[in-house]
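See the structures that follow.
Heads up, the next two complexes both have subunit A, just with different partners, subunit B and then subunit C.
Let's turn to the complex of A and B:
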């Protein structure tokens, strides 16, 4: 648990092709915690994650790691501290699981050398944490969606970074797999103190699994704090433009959002 | 590793075969004597002037075509993305034909022009497809377009050409080891000795680039620098090879897929692809020389081998909607 890397977003404005998506965002990622970025579609969640991961250069402001701008680090050096699981990673044709996961060791490898004993150990550990040791020799294109996602996370784990960013790691997965992935990430956070930042769509799962929430609306940070501090009817209205009731999740005690649409709402619930 | 050894053995056997076989078959001892400087009537001319340049150019150009093709295909994650399909080779050809026909140049000037044509065409395609963010699919489409344009230009040149220049142009376009002279070899050899180690060393980076731009950046690859180094190495090697033997059809295109089948998907295969390229060229040259009553240039034989595979790939892509 010696992970104390401070990651800060300092007055970031960023976008694509001159179109501004993020507007003057200022935040500090809580160390050793699981943070979730929430917001409606196209509010800039993924853009924020990409900017933090150095995939997108901000037009102004900077991201700092331990006080130094991330663009000043040598790329391999940064890759040993900060990892990202992109939203739809590209699968090379015919690749097997162990091979893919071992590519997560790239930041530690020299130009001439192959995988070291340490690299093999890290790959084996990553496979084990994700519970896919038995899939090591299988081809990726033969696996189910849930299994594939575990392989990608295993690759990010093999990279052995103190900070892990994940862009919608549970999208397209059945509820069983969604919960399983979030449980595995929580294990990782508790065991190794990995700082996790992810974009999630499901507000209620976010409220359960996040220690800390950042809520975005149209590229601006509108609220941050623990789920119980942040998630309430006003915020959901502001961020998603939707009426709702917020109750206490009977399973976890975290806030639970019940949407109110135009139909199927009891008279007693109409505000 | 064993695949590399087997391929190396195959390349060496084919090299030996080319040295021994011909109108007259010489014994290994006689060939060795000639190579070490002894003068044997008849044999000296056949071995030193005809067979040695043929063997060396086939070996080196095949290696360059194979390695460069495989680099492009892996980097752009598409088997269609080989330099002979996306316009790089067409750039060399257009420049060479232009110099041959319009400028009445020959020899080294044409070769250098071909190199320059290949490099400039690649830079042009790369810049056009970059547009803010690098995308492989866009590069391939733009390359196909540029290739079509350049081929039209070549046809125009051939139509305008004086009758007596046309055969030389066609010889250039069909790819052959026939006209190669020993003095053409050192330049190509130096280029390959410089650039193929760069490609092999960056093989590991290439495996990461293959995971897509986002993953590659995240894993600490300097993507633009790596891509430019790999493209430069590939383009320069292939342009010099083309300048020596002409474009030998489909060798770049076939070597990568064959070697990746041999070593297994996902394994570094730049060196094996180079060796497969050499095997293809040398073997096709032997077939062209000896299998039929007429002699065919090597490019005709590789063309016959490659065309069905191209059709197969296009049909498969049509079925899968272009994703591969």
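Let's turn to the complex of A and C:
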């Protein structure tokens, strides 16, 4: 576990086509931890991940990796340290699992060279960690949503980066698969010390699985800290504009958010 | 069956078919040659009888149909890979027609004569048309979807083709010699123009092989490719340049031969999956086979004259285009 890469976001302002989405964000990604970025739709969560992964150039401020601006790194070099699984990557028609996962080895391949022995070993390990070794020769379009997502994460694992960013890795999955994916990511974090940063929609799963939470509202960082420090009625109101009660999750002991809508709220719970 | 076995078997079958096509291309035509004469002329160096001379005359044409088919196959594979669009192809996108128009204008107005001049104009026409069609196809919501690109390409192709006709029709005296600027044919090939285009084809072929791993990364989407360390803009520009050079150089000699670049990579993907390191070289092999077979078919069907090979490939390719268009639900590749 020699992963000590420091990733810092220094006063980032960024957006698309002149429209500013992120406003002066300043944060440091906790090393060897799982961080979750929370926030309502269109608050800039994905934009923040994209800016960190160098998919989007900030209009001001900079992202630094070990003190150096990420835009100064050669692209393959950066790709060996920092990986991102986008929300909806393109699936080449007819691709089989092993081929897809091996494409994560691109940053390690030289010109004209095929896969080396290390490449094959990394692919085999990624398949094993994700528990999909038996699917290696199957076509991706034959797999279930949960299996597909494991394949994509395996590809990101084959890239063998110390920092892994994931944009909504559990969206569209059944609750069983959501928990399964988050468990696998936790395994990865504990076994290899991989620093994980992800965007999640489910506040309660985030509170369980995150070591650290960043809460965004309209492109600004409004709160950060451990789930029990950060998640409370006021923050949920501020970030999501929703009334709620926060209790202690009887299963994990982490904060648990119970939304309060206009209906189905007991009189005794009305504030 | 394992992937490597599939590739091996496809390669062996294709090579056997290519050998048969080479023999057929040398022997068949308006004056067919017996197997005995073919062997004498090829392996014993005899050029005594009329049949033996006919065989020697057919050698450059056969060589050209092989390399032209290979170049068009790779060109189509490159264009499909960089646009992630199964319909991209030098003829569907109008690139071949653009190259052809520039050459025809050169012949009519600039009195060009050397192979080098033909090639320069063809490359220029191909490049301008490629940029133009991609620009039009990218307009509006959703970017360059397969259907929009195909529509932009065929509309442009139809317009450019009518310019070609407009320039050629008043010059009916030369039209017979230049009919292949409307529908491509390998019949005009000779050693001089083969030598002129060969360096360009080798460069295009090498680029496609070197670019294959990059294109594999780009197949996962531009974001994923960037995360893996690909400069997508540069890779796309290099791929487009190679694709345009390959089809432009061939068009300079043969006119706009259609659909080889569409059909061949598509069939190879169906058979062998989406790995570009396999698709690129196998599209070359398949393209060489298809175009040489099309040339032979054109000679047999058109007897006592001959049918341009571009007519034959279009006849084969149009149904394939329709099938792909129906199958592709938007942007998948």
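One rule holds in what follows: the second predicted complex is superposed on the first by the 271 of 271 C-alpha atoms of A that agree within 3 Å, B and C clash if a C-alpha of one lies under 4 Å from a C-alpha of the other, contacts with A are read in each partner's own complex, and residues count from 1 in each chain.
Please note the rule applied: a contact is a pair of C-beta atoms (placed from the backbone, for glycine too) under 8 Å apart; a residue touches a chain by one contact, two chains touch by 3 or more.
Keep in mind the model is a prediction, meaning the values are calculated, not measured.
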item: Fit or clash - subunit C, subunit B, common subunit A; value: clash
item: Contacts of A:270 with subunit B and subunit C, given as first, second, both or neither; value: neither
item: Which of subunit B and subunit C A:99 touches, first, second, both or neither; value: both
item: Partner chain(s) touched by A:55 [first = subunit B, second = subunit C, both, neither]; value: both
item: A:17 touches, of subunit B and subunit C: first, second, both or neither?; value: first
item: Shared subunit A surface residues [contacts with subunit B and with subunit C]; value: 50, 53-55, 75-80, 82-84, 86, 89-90, 92-96, 99-100, 103-104, 106-107, 109, 111-112, 159
item: Of subunit A, residues touching subunit B in the complex; value: 16-17, 50, 53-55, 75-80, 82-84, 86, 89-90, 92-96, 99-100, 103-104, 106-107, 109, 111-112, 139, 159
item: Complex contact set, residues of subunit A against subunit C; value: 50, 53-55, 75-80, 82-84, 86, 88-96, 99-100, 103-104, 106-107, 109, 111-112, 114, 159
item: Subunit A contact footprint on subunit C (complex, rising order); value: 3, 84, 86, 209-210, 213-214, 216-217, 219-221, 223-224, 226-231, 269-270, 273-275, 277, 332-333
item: Contact footprint of subunit A on subunit B as seen in their complex; value: 77, 132, 201, 204, 207-208, 210-215, 217-222, 260, 264-267, 324
